[in-house]
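In the part that follows, the structures are each spelled out as structure tokens.
Shared chain: chain A. Partners: chain B in the first complex, chain C in the second.
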Partner chain A sequence: MSSARANAAESVGGGQISEFVERRRADATPFERELWDMIDEIPDPHIPVSLVEMGMIYDVEAIDGRVTVEMTYPCMGCPAYDMIQNDINSCLSLTDGVDDVDVEVVWDPVWSKDMLSEPVREKMRKSGISL
Partner chain B sequence: MPTEKQFKNELQNGKMIESTDEMTDGYKEALKQILLVSGDTELMSAPAYYDQSLNAPSLDARASCISVIQDELGHGHIAYRLLEDLGEDREELIYEREPHEFRNTYGFDQHIDNFAELVTAHGIFDRAGIVLLSDIHENTSYAPWKRALTKVSKEEQFHLRHGETWMRRLANNSEKTKQHLQEAIDWMFPMGVEWFGMPDDKKKHDDQLEYRIKGKSNDELRQDWLSRTLPLMDELDLDVPAHYSEDRDEYVLEYDLPVAFDAANKEWRFDEPISWSAVMDRWRSRGPANEKYVNMVQSGKVELEG
Partner chain C sequence: MSEWPEPAVDYVQAISDTKLVLGHRYAEWSLSGPSLEDDIGGASAAQEEIGHVRQLARELESQGRDLDWLNGQREPEAFSNAACLDSIEGTWTEYVASIAPADRAAWYLLDAIDRDDLDGLITKMGEDEYFHLEYHDARLETLAEDNPETVQRTLETTLPQALALIGPEAYDEDADPVFETGFTDRPIAKIRAAYIEHYRRLFDGTDVSLENVDWDQPALEDWDETRRRTGSGSISQTDVEQLRGEKNKLFTMN
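Right, the complex of A and B next:
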């Protein structure tokens, strides 16, 4: 847990992830942690935080160069449905050691605002988004 | 209250304004004027984008287009809400003005007739909006507007990306879709150029600059827009009457701005230069879709009792 926290602190997300994401991230291998950090650099197209900070990334698994990203959306009719998956794909597929990226969209658990940490909420409030 | 000249000096030196008590009448009027243009432009982009959003080629594209409209209505709301702080009435502004009284940019008085035109609007008109608003976001002396624009800027980036993505898809899909895109660019690109208004050497003085309501002059903003728009045109192999001049170290137009516009046929008459006062007259008399769009916004109003 502590190493995941330390790793997150170096990225854009700056360790501002919620407990839920942190739990998911805790059993990652060092390589998977690198991939988590990369996704933590991808901005949400609408909201000034990263996809990881948004709590949309549920799992990252790398087996022999095949990467599976499990993710969800805050709403089913997300206006950036393809855009976000394209971003994850193009970001990870350029990485050494990644041969194939598969983005899997899941709806369990259902995303909720509880997945946002307090610093992320503060960032959103500052940009005029009410929670 | 300081003299107008002192006040302008203080603003140039970085003074920020929070409320009407700190404004001179001149400042307030200049601020209201630009907020009204901004709010009306955001609001009128919504009906302009509406019809073709329902004609989007995939469910995902449609969701993105509809979301753009929702954002634009929100941005309009922000501007009208700020105007309310300056003594204006939001209801009156939206529902009680005649179509010709709206002050939106002339581009949103035009019919958007196909999906290629819609995504070109997202790709180059929203870019013009971003150029204008990011200058204000960065430089304005009116603090409440500066704060409100954080959200607006982020959302406009999404519109732009959506527009550029679809412009790429159309440019690379087939000769036919590429041709539609070129036809859209043919009338929309010069519309974007004209949007930034009169060149600096024709403009005697500019209250909005002197009060630091905005930071960049018309020509600086136009150059900014050209410098971001032309690389996309090159990438997509679209013809536009402008290029970068190494000698002058700036983007130059290949026609004498401003020129006549045949609104009924959406055609610029590049060999027919006109005066800026003729442009202002054209803007003031509004374009072909003005009444339709204002009506789309106003007709849904219902008087609720109790």
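Right, the complex of A and C next:
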């Protein structure tokens, strides 16, 4: 395999990636922050942390009642691929001010363990998950 | 999303179909390995290949391909998978010597794609493929010690078929239509050279000789550029029905 692509994820990893997610959340409007908080209540079906804590949510944008959630997956072949999107959809659709939810799956930046903050890592370690 | 050149759509279709059938073969053989680790590895690879297909289907749909058609609503002859996956007869040795060349060929084609909007997607697939290909090579090496005649005999058939998926030697930088559009960053001739060199090195010093492999396949005049193969073979009708998952519809959650 070409080493360029194999190393690509690592080259943008570390602090840059977690900062990328944090920056997106910090740029949110008050209503978008509410939506972020709601998604933060949705558990990852495999790991005892939320989708937000897993670093899978890249952006939440609300324009005139239309919400777009940009997300990724740690595993492209995730068996819960549709279920997770349905969870987000169901959760946000019931919110006042939300008319329509669109979940968009993206792969840039590529998810890595660098997406996990230290408190989340600690939470996972306590659950017996080695990192 | 911008429109791809037509030859590029067929190029990605062949990668996607190869991965679709590859995932199916991994799943079929995932209870037939010599060890539990091999079975688990096969099941995991199946899951990853199907994940790749899901994303490639999204991309192909955005280029005008019908999603139901992509997901199997077509005749067996309409699949553009590597011919070495059409059917796998024999033992686990024949299986490994059939899937390994196909998986590597599909990855080399994918890795050659040079588009910023697909870079993250392909990088992510590459993370999975790194382990698939490492595993295959390690297994081919041990099988070359345990059962060199079978490995050699199988590769004499499957390597030319995988080379047909990559494309003809004549597709150099002046003749490869996909490279000419800028969709890929290297011509087929260069991808083939890297592929052939890999397998020559892998079996160098083992009891498996690749001397009788027809490395010149496919001849340009015999090559079907849509299905990326020579000849009219295909997967079976039963395979297509299983790929569609018709008998499992009862268990569909959505």
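Quick note on the criterion: the second predicted complex is superposed on the first by the 111 of 131 C-alpha atoms of A that agree within 3 Å, B and C clash if a C-alpha of one lies under 4 Å from a C-alpha of the other, contacts with A are read in each partner's own complex, and residues count from 1 in each chain.
Convention: a contact is a pair of C-beta atoms (placed from the backbone, for glycine too) under 8 Å apart; a residue touches a chain by one contact, two chains touch by 3 or more.
None of the values given here were measured: they were computed from a predicted structure.
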item	value
First (chain B), second (chain C), both or neither touched by A:Ile129	first
Touched partner set for A:Asp82, first chain B, second chain C, both or neither	both
Partner chain in contact with A:Glu118 - chain B first, chain C second, else both or neither	neither
Partner chain(s) touched by A:Asp96 [first = chain B, second = chain C, both, neither]	neither
Touching partner for A:Pro45 - first (chain B), second (chain C), both, neither	first
First, second, both or neither for A:Asp64, with chain B first and chain C second	neither
Of chain C and chain B, partner touching more chain A residues	C
Contact residues common to both interfaces of chain A (with chain B and with chain C)	77-79, 81-83
Complex contact set, residues of chain B against chain A	60, 63-64, 66-68, 147-148, 150-151, 154-155, 157-158, 161-162, 165
Of all residues in chain A, those that touch chain B in their complex	45-48, 77-83, 126-129
Of chain C, residues touching chain A in the complex	47-52, 54-55, 58, 107, 111, 119-130, 133, 253-254
Interface residues, chain A side, partner chain C - complex	1-2, 5-6, 8-9, 75-79, 81-83, 86, 105-111
